[in-house]
Structure formats: structure tokens, C-alpha cells
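The following blocks contain the structures, represented as C-alpha cells.
Shared between the two complexes below is chain A, which has chain B as its partner in the first and chain C in the second.
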Partner chain A sequence: MDQDITAAREKFLNRDFDEKTFAIPAEKTIEYARLCGETAPRFLDASHPEFQAPPTYIASLSGSRSLPEGFPRFGLGMDAGKGVECFLPVRPGTTITGRTHLHDIYSKTGRSGRMVFAVSRMAFFDADGQHLANADSRLVMREKS
Partner chain B sequence: MAIATIQEVVFGEDLPTFEPDTSLAITKQFAALVGWGGARFSDHEAARKEGLAGAMVPGILNQGYLVAMIHHWAPDAEIKAIDTVFRAPVIADEKHTISGVVTVVNEEDGQVEIDLTVSNEKGETRVFGTATVQLPLA
Partner chain C sequence: MSLAHRRPLWQFCPAHCIQLFLHFVGVLVLLDLHTHSIKSDDGRAKVENYCQWIRSKNLPIDGFVLTEHRQFDDESDYSALAEKFDLCILKASEVETEYGHVLVYGVTPGLQAEFDFGSISLSLARVIEASNAHGAIAVPCHPGRPRVGMFAHTDELGVPEGVEIVEIYNGGSRDQEDQIAIDNASQLGYRGIGGSDSHIVSHVGRCATRFDVEIKSIDDLVSALKAGQFEAVNLKSGN
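And now, the complex of A and B:
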């Protein structure tokens, strides 16, 4: 592994750098589900006994910052992908807390040079501290040659 | 026919494809809903000035389409994880197809893995990914 990537991993991985609370309004999660083309009543009908936000709804929630302070600028950043892990349903009408850390930093080198990837993970918890879900954002930075 | 339990899933089967509404109107509404301002999701001309081929469908809306397809196939399916790679922009007002294929079936714990693709009319893959899905055992 490249020395600068190793150094960045040692300095930044697995340290929370942001915390934010989010209200989960039912009307918003229903509209989100509708626009995605969901048809299952548990996402669309607030009176359904298992009413919940669509599983990828949390991917739309942004923290106050996407990278920790002082993180090196390897190049121009672009959104390379998103991942979601679901442990418990996110219930509309509640408030949840998202805590963000860098989950992974790695590089790939191709014909056009080196690209550095940073995976920022927001872990979501309910008011009882139960871990509901994780949302990963993968940022790719292409180095200037 | 909708899948109800893990026993009904066949390794290698294709999920019924889904053609989502990728119109600019939907893209615009979605971007406004999630608070993503910026003309790149709402205005073809402005997006072209940014060097794009047109206004884009937000990546997380594509992810939402993929999950909706899984729920159309198996309404009681619980998404345990989904990972998507945004390979190229999905342009609004262009027809796209959402497809999936079952690559792992575990009858003991009721979990399946599905490879996912968003492709355009030329058959080019714009978004791909994988989902791990929990189905009822019986």
C-alpha cells in the first residue's frame, strides 16, 4: 500500500468526525418511496402495522461534513457509489442520530493514473441507542497527473 | 408471480425487469425532496453547461429503483444490504431498465444475493451493484 494512503488510514480511519440528528417525517418517506416506484404498503401507508421508511432512505441524509477536517485533497472528488446496511427498520415519526467516520481509504492505479477512494460511513441510531443502519458514501479522487 | 418464501427462489433466475419513471419531472421532485439543489438534476440545458449529457437522475434514486424492483418481485423481502457503483450518469428523460439476477440462494437462513443493473436503451450499464435480501423461510 502507498505510504500516503497508509498514513491517511492511520490518522483518519474509524474516528467519528460528525454527529447530526434527523427527524424522519412520514410524508417525506412516503413520497420518497413513491418516487422510487415502491408499491409495498409498508412504505406507502402510514396506517400499516409495519410502516417504515424505504431501506435506502437513509442514503439521502447528509451530515455536516463528508470528510474529516485536515483530510488530504488527493484530487477532484466524485461520487463513486453508495451502500446501505439495514439492521432495524427506520420508523417515520422518530428522530435518529447519524455519526460519521471514515470506514476505508484505498487506492487503485490504472492507465489514467492513481485514484484514491474514501468510504465515509454514517451509522444511524435510534433514541434508545439501537444501531439501525449504516450508509456508506464512496468518494473517488482522481489525482492530477 | 410474486415470490413469498425462499423455497420459491431459483438460483440464476432473472427478476422481472422494471422500467422506472426517469422523467425530468420525477428527477426534479426527488432532488427537491432530499434537498439536493443544483440544476444538474432539474435542467437539461444547465446540466449540459456543466459538461453532462443532460440532467441526471440522482444516484440514490437509482438505488431506490433497484430496491423497488426487488420488492415488486418479493413484496416481503427485507433488504439487509445494498451496494451500488455509479459507473456513468443516468440521464433523465431517457428510457432505462432495472434488472437483477439471483446469484446466491441460502435456503437455511433465507438469504439471497442479487446482482443489480441499471442500463440505458443502448444496453450500456450505468449503475451496478449487489443486494443481500432476507426472505421468509416458510
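And now, the complex of A and C:
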């Protein structure tokens, strides 16, 4: 692994750099579900006993920072995709907390030269501190040649 | 390995029928030697979905090799899928060197200890030397591609020692990248393989390599590559 990547990993990985609370309004999660084409009543019907936000809803929540303070700018940054990992349902009408850390930093080479990827993970917790889900946001920085 | 798979003949296009005929008259195996699954950071294809696609589209390949980026996938066992779909599924690696990307077939624990597969600045000479020492074989892929192809670097770095095979057909090649690979390989006396470099299921089998010996294991594949018993095949539409 390149020295600058190793150094960045040592300095920034797995350290929370942001915390934010999010209200989860039922009308918003229902609208989100409708826009996604969901048909399952548990996502659309607030009276359903298992009423919950669609799993990908959390990917629409963003923190106050996308990268930690002092993170090196390797180049022009672009969105390189998102992913979610769900452990427990996110219940509309509650407030959840998102804590963000860098989960991975790595590099690869392509037609345009070296690219550095930073995977920012927001871990969501309910009021009891239960880990509900993770939302990963991947940023690619293309180095200037 | 059979290509017939109980499919009626009318489901095959003429090129597939020729392939089928060749299978009946002798041992011929067609493998896609360059694919990526979700194990690669940019791979979006599940291995089972590759298998389903190959069978549902009657692709004329008998199997594929997973060449995950900057790693060797030790943990996955695809033998059940291979049996279920009657496909040969093998595992290899794609590593990154100063001469661009290189496929490594025949990865062993010993070879993994020789260099950091995750590095993007490996020495090609080191990769070739270590591969040879551990019974593996290193094959520069998409060598006609800017930056990540071997021939983009030979003017500056010279022609590397020890290369015997390069990928001359790559499913992700643009413009003249394959032709550059073919021309340079011909000039330098390299043999050529083909692979789709697929990252999504619908791209598997766009290019492949035909062998005239049975390939049932990675050892069979490495032996056939070292013996030169193969031919690159371009199956992209229009070819």
C-alpha cells in the first residue's frame, strides 16, 4: 500500500468525526417508500404493526461533515456510490443518532491514473443505543496527472 | 466438460454451433479468464448471477475465472455453484504494477506471502519472479490500455523480462486498445488470452480463451497456459 494511504489510514480510520440526530417523520418515510415504488404495507401504512422506514431511507440522511478535519485532498472528489447495512428496523416517529467515521481508505489505478477512495460510514443508533444500521458513502478522488 | 447442457441445437447461433461441433470432435474448453464479482470493490456481479446469466443466455463458455482486484479471495467456495450449473469456476487475482494490471493464475498461500496483493505499485519483475517460483503464472491484462496497460509503459521502462502471455482480447477495451495489444504481442512473440473483465453479469463471456485440454482446476489452467495450449477468442457482438 502507498505510504500516503497507509499514513491516512493510521491517522483517520475508525475515529468518529461527526454526530448528528435525525427525526424520522412517518410522512417522509412513507413518501420515500412511494417514490421508491415500495408496495409492502409495512413501509406505507402507519397503522401496520411492523411500520418502519424502507432500508435505504437512511442513505438519504447526511451528517454535518463528509470527511474529517485535516483529511488530505488527493484530488477532485466525486460520489462513488452508497451502501446500507441494516440490523434493526428504523421506526418512524423516533429520533435516531448518526455517528460518522472513516471505514476504509484505499487506492487503485485506472485509465485516468491513481484514484483514492474514502468510505465514510455513518452508524445509526436509537435512543436506547441499539445499533440500527450503517450507511456507507464512498468518495473517489482522482489525482491530477 | 460438455457444452451441450441439454440445450436444443436451435438455441445456438452459428458461432455457437461451430463451438459445439468442435467440442464433439475433440476436447475444447472455453473459459472467460478475467471476471470480477462483488468481492472486488467495483464489482457488481454475484457469482451465482454470472452462472444464471451464462445458462439463461446460452453463452458458449464452459466457465470463468474470478480475478478479484488487489486480493486473492481465500474464503469463497464456489464448488456447489459450479456443480449446480455445470460450470468451471476458478479463482485468481488481478494485481497492480508499474507496468499496469497483471492477472495471476495459480495463487497459493506461499505466493501471497511474497508480496502485498493490495499494493498498487508492485514491481512486475517481482510479481513474475514470485509467480514462477510458486508455480503460478503472471499475465499482463489489457496491455494496450493507457496507464494500466503494459504497452503504455514499455517506451519509458523498456520491455519487461519474463512476460510470455498477455491478454489480447479484453471485454472492456475501447477504441484500438485490443489492436495495440495484438500488434505488440505479435511483435514480441507473446501468446494471447482473452477475458471479459466483466464487473456486471451481462458482460461475462464477451471475450474468452479456448483450450484444447480439459480444465477442471486452477492447476490444469496454469499447466495449459504454460504449455501454450490455448487461443484467445473475441465473442463481443460483431465478431
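The rule is simple: the second predicted complex is superposed on the first by the 145 of 145 C-alpha atoms of A that agree within 3 Å, B and C clash if a C-alpha of one lies under 4 Å from a C-alpha of the other, contacts with A are read in each partner's own complex, and residues count from 1 in each chain.
Please note the rule applied: a contact is a pair of C-beta atoms (placed from the backbone, for glycine too) under 8 Å apart; a residue touches a chain by one contact, two chains touch by 3 or more.
Small disclaimer: the values here were computed from a predicted structure and weren't measured.
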Which superposed partner A:F117 touches (first chain B, second chain C, both, neither): second
Chain B versus chain C as contact partner of A:Y106, first or second or both or neither: second
Partner chain(s) touched by A:F125 [first = chain B, second = chain C, both, neither]: neither
Chain B versus chain C as contact partner of A:E85, first or second or both or neither: first
Partner with the higher number of touched chain A residues, chain C or chain B: B
Partner chain(s) touched by A:M1 [first = chain B, second = chain C, both, neither]: second
First, second, both or neither for A:C36, with chain B first and chain C second: first
Parts of chain B lying in touch with chain A, wherever the complex brings them together: 18, 20-21, 26, 29-30, 33-35, 59-61, 63-65, 67-69, 71-72, 75, 78-86, 129
For the chain A and chain B complex, residues of the former touching the latter: 28, 31-33, 35-40, 43, 54-56, 59-60, 62, 79-86, 136, 138
Chain A residues within the chain C interface of the complex: 1-2, 106-114, 117
Touch list for chain C against partner chain A, complex: 41-42, 69-70, 96, 100-101, 116, 118-121, 145-148
